[in-house]
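A single structure is presented below for examination.
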């Protein structure tokens, strides 16, 4: 391709600009988007502020006293309300770009939706306080619940997930996914905002955990690094695109433990109280109270000096 | 070691400085480097700007119109040209620190090389637009191609890789690796810039994927989290250092799917259209059209109350 | 829950603030903390500055000369001493919040402890220079030791770990864990600061590696992505909380290689010079010089068109 | 007032909040304003970007070439158009807060007005290039026209004034005044955006210069530090408020020089080519070609040791 | 002096360091100070936050509603309380560096003092609202009181002064002066925090105004740019240092107007309702109701072509 | 002018870009400059760092101890050396843009010159310590020398001036002027870097002081706000441009005091120990020991109610 350019930088840049702007590349596909995109920076500020609301003293300015706590929380929620309204609106715009919806109506719906999330904060707070207990109880290395709030990837990922999940239920487009991907990037834990996860949830270490869109997870479940709760396969429509929205991920009942690297795929049910061993690959239902382990890993042992 | 220090902070610091500066620690090895290092901040700016060029409207300022798009792109490319020339020069300096190469010659070569990357942008743009299609088609949870551009780790990692790979082919030292490591840190996806990857490539979830330096991957390949396309072992030279540059990673032909946690190591060939099941460990060629799954995972099941 | 709110934003926010501030949510548990928390920003500055001390020329300002190197290092250590004293003090406060310890005593102990870390810098520097050698020798894709210092997640994670481990031995609460979690977030490598790791350690690719609190790792060990050196299970005390501090993670002797995805759990001993194959699951001692591989992965192969 | 507070910080703060929020303080006056205010940061970005457009190479990124200059300028103007539209809209909102104007109409008017300013840029550029010539010719200390562009408070203040004046003529509220006050803060030169100033204008040193709202200044005028072109007095309306908009500041014809500290007040006319000496106080018309100096400053001289 | 250095940069720097560190330069005078200095950044944050408290909607986030205003104000004051306590403490330390005062006592006094300032906020708010009225009434160019709050140097300087003055009365060292110097730098208006200024005060344009430490200014006073209310001369003690704290600046009674460039020096009294003309130099008392103007400025007029 | 544009934003912007890029506007004059300009940000960092070197403990990090002071100063000077070399080089390039000077030679000269400034730091430090003494002795409001270092515009302006003056003597183009204009913007004090000012210099309040390029000021001189030491007039060459470099500003001998608003213009000599009263206008030599005051300001006094 280089042959058609000569080597003067100004000319080369002109040629590249022209080529990049040509219809064939840009305008014949839907990969371009000329409306204002959600702001990652603002969404980071939303989550930063919410962490200060959900765990006052751990995040945000920690120098307040109990007498002034309500002002800190009130001002924070007020700020979140305005920031989030704007971002939810952008989420709506992202989806309905070519329609002729009334802007003002969208704006009001965005504000209502942001308020809907605000209303859920006490509930989210309660859920997270159970997650903190679960982290403390689930890890012998944890010295205090405070340490798990401040340091543990599990809590970091669950704050984003629990907020994103409420927004998902409020049918906000795009924003919930951005929030969980922000946590994915920070922690290596990829929870789809559509997943439904009960209280007292703990993910130890966390890196590589994948929890799919239609997963349902009960209360008091513990999951280790590298666990996949995924889809087995998915039907395509007549255009070859995957059919969206079909339940295709596991149901995990209460009190289940899933050890590192286990892979559970498809709409299977892991019965209450089961323990799934490390690296196990499961594609069928498991009855309550099961202990599933790989049938004795057979290893072969050579003397020193032989090649692997 | 502490005994030799007394406890006055000033004296302790003096002692530590002296010890750290002593020849035995610093000057007898090559771990020190006194030339100006590539700037991670500037390379981040390069990638940020390029994302705005490759996906206008999704990244960078999104308030332009089609009439002014060419100025946005032109100004961005101009900026990338200058930033990248400087960083490529630093890459050259990093390698040739002790030689007596002419600085001016290096500078001109750096500018030529940066221009070489600019010339490749239309090609990179075309490749990425196929990757976006692949992500949309490959994930039932994707609501639009736009969502994959804006949120998916797969696209984030591929933008960095496809730019880094062109710089790698232009024989730029160090910089390509920095670019892919930046994506590795953000996404958990580790693609060596030397790997050769065809169009319509998609990595779902992505965390823990490793694609080695001499991999060759065809078109329309899909790979899940935790997949390794690695080397099996490598020969050492007479000093015990690994021999560099030998083809040692897999060849994956068109239309292959590799499920989560599969490990394929060595210079093996995965035939066109094959499907590799999760957690499979492969060290030999697989013929076209194969379906490879672990031979029935044997699991052992206990009643509730038994230990694992 | 929404029913009790009407829809005026101001009123909703008031209601939510009241609910979030109610005793039942906040004050009955220990998840709140009103003392000044450690500053992630300041700890990032500590690590940034220490990287410049440990690898001068690679990190920090790289324009000094050998004549002025000692001032750069001296000023950096001086800065670290003051920053770290403050953060260690906050770590102490985090733990002893409800006691009546003398503040001044805490402050002096924090300064002493920071100085204790400073004293260890030459030792840490020596350890890291062996890790750099190990990275260069262990990866055929590495072009120079400099590249491993500047780009490799292994070195990034080990700098944080080796500093955190010394602080852990000095009995600093919280801070060591924050430092290793910072590296975990950046690299996907999760090393507990309590682990004891010998010289010449290398982790290739690294994503998903977990090394537990009571691990002991010898010299010249190489570990690949996705390896877990974890606990098998752990006893609970009479309140159902895990008993803290019991040795429960593997001992890995000198010259061992552990390939990607291998899982070694419990207080087992991997003998000197052993090679552990990929995806292996080990819960028992392995004698020196062993070669452990999965007993021939059995794969099943279908013709094209069959479902997996 | 302190007596009514007790000394617990939380209680004091509550009391102060209550008092500050009481109607008597806030709601009975018009000093509060609950709409979104213009952003000083964004207006700084507008001026920063415009300086790069008006003096390419001196401000903004200076590494472009003549071939790519048009993209830099195009992208900059595009950015200014969007930023300024938003700020002009906020200016409109600031004024019409209590009316029921259609928001969409305001938005369109804001965009039109921003475009109106864009159209004036070539004219502003021409005016400023005469100001640069005037600065170079007017100051023996100036080494080049470039130095005056880059360093001289006169040019800095005139860029803001000339932009603000066009916005003033386009009847934008508030924003023009903010722009000239930004320059006032930086340079000590206070030019009201309503003033009408011809080409080739130069203010040496500049600190303390005041040029009032209804001033008319011809071409090729030079003014020194501390000069006031002010109002003498102004009529009040029946409520005691000053009557707005009456011509009340001087007219200065072409080729006039006004030396430092001179004060010219009221709607007087300084005739073409006049020279006004330092510290002179003028309240009457001055015919063309005059040389006005203070009638011999009489100074009294004492011997050493006497008090002043 | 250069002769004693040779020209190797490293050696030169060593020599300069040694010379700068020598006792003769540093340790024999009191110009060095090794305690933690007040932070300009933090004091800027204090003033930024206080502006949002004193003029809610104009400064700080402007998107709240009246229902949530009290939280914004409460959270802001809480923040100011903590920030200011710390800075006041540093002010105390600055002064008492060599004494053996109890640190804890200082800290408590700093917190009490910060609380003292908080208690004064409603009073400061009332005073400033009169200043805003005065600015609107005093300037025909002002379109609204809002414009004066948002744009006028007079208000900007008075916010800092009125806060600084209360801190001055609370006997805080150093900090009040820093606050007024911050405003001096931004506006060119230099008000000493010790000055005592009544309500409805307005300074038009403002640049160059100087109001000395022991000034007393009544209510409804208007002052123009370049006015000095200064000291005439001051007695020295036996060491040649000025005697501190003697009343030495003017008293300006209610309803006085002082035009630009007027200089009033010494402990003189300007009687109620007087008007002082521009550039007048006054060193004696002026009775109430006076109109003071320079006795007909005599100007000399030449024909065109004559030199000044 | 607007008529020729239609109203589509894209088209308007294109037209404006074209017009701004046309030769007639840009290329026919010397107001454009395509080389890399000095960086105000970097020069601010230079001055910030130098303030920490010249007043250790007052500026920069203040937590060092005397034992580590030399490292702080050494690292700071090292940093200044590199930053300043780069900026001096840009100053050279600014001037010699069209010549064919060898780049490498320029670079070496820039480094030598930066080292020249470094050598002068002990001298600058001594001069400034006398200025600090002068400020403390000259202002009854000053509580300590520390307060003058930390708060006084006089010291802030003199630090920049004394550094700029040494660079001026080293014949660095542009940079010295930028440094003094930075101080001018912050303090309202405009000292040309060419002026020659002796030790123990103090400017009280400072706003509006102008000290011209060829001024010579002795030791122990005190100057108040609004004082001009300027040029009276200046000869033009045959093209109408001012002849550069002629001595045209006052000589002020030792121990002189000049009160506020005094204007002294032309190459006049103010004799040792003279006191120049406020607002005096002087254009002739003043013998040593003089006391110059305005001959009794004649003021006219009206009764209340008369107009001015």
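Read from first to last, the chains carry the letters A, B, C, D, E and F; within each, the first residue is number 1.
Here, contacts are C-beta pairs under 8 Å (C-beta built on N, C-alpha and C of every residue); 3 or more make two chains touch, one makes a residue touch a chain.
Just so you know, these numbers come straight off a predicted model, no measurement behind them.
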Interface residue overlap between copies subunit D and subunit E, same or different (over half shared): different
Most distant chain from subunit F by Cα centroid: A
Intercentroid distance (Cα basis), subunit E paired with subunit A, Å: 52
Geometric centre distance via CA averages, subunit D-subunit C, whole Å: 56
Per-residue multi-chain contacts in subunit D, two or more chains: 9, 13-14, 17, 63-66, 68, 70-71, 73-74, 78, 188, 207-208, 226, 261, 279, 294, 308
Listing of all chain pairs that touch each other, if any do: A-B, A-C, A-D, A-E, B-C, B-D, B-F, C-E, C-F, D-E, D-F, E-F
Interface residues, subunit C side, partner subunit B - complex: 53, 55-59, 62-66, 69-70, 73-74, 77-78, 81, 111-112, 115-116, 118-123, 125-126, 129, 132, 136-141, 143-147, 149-153, 186-188, 205, 207-208, 224-226, 233, 260-261, 278-279, 294, 297-304, 306-308
Of all residues in subunit B, those that touch subunit D in their complex: 61, 63-64, 68, 70-76, 78-79, 82
Contact set on subunit B toward subunit F in their complex: 8-11, 13-14, 17, 65-68, 71
Parts of subunit D lying in touch with subunit E, wherever the complex brings them together: 1-2, 5, 7, 9, 12-14, 16-21, 25-26, 29-38, 94-95, 173-174, 177-178, 181, 184-185, 188, 190, 192, 194, 207-208, 210, 212-213, 226, 228, 230-231, 234, 240-246, 248, 259, 261, 263, 265, 273, 275, 277, 279-282, 286, 288-296, 307-308
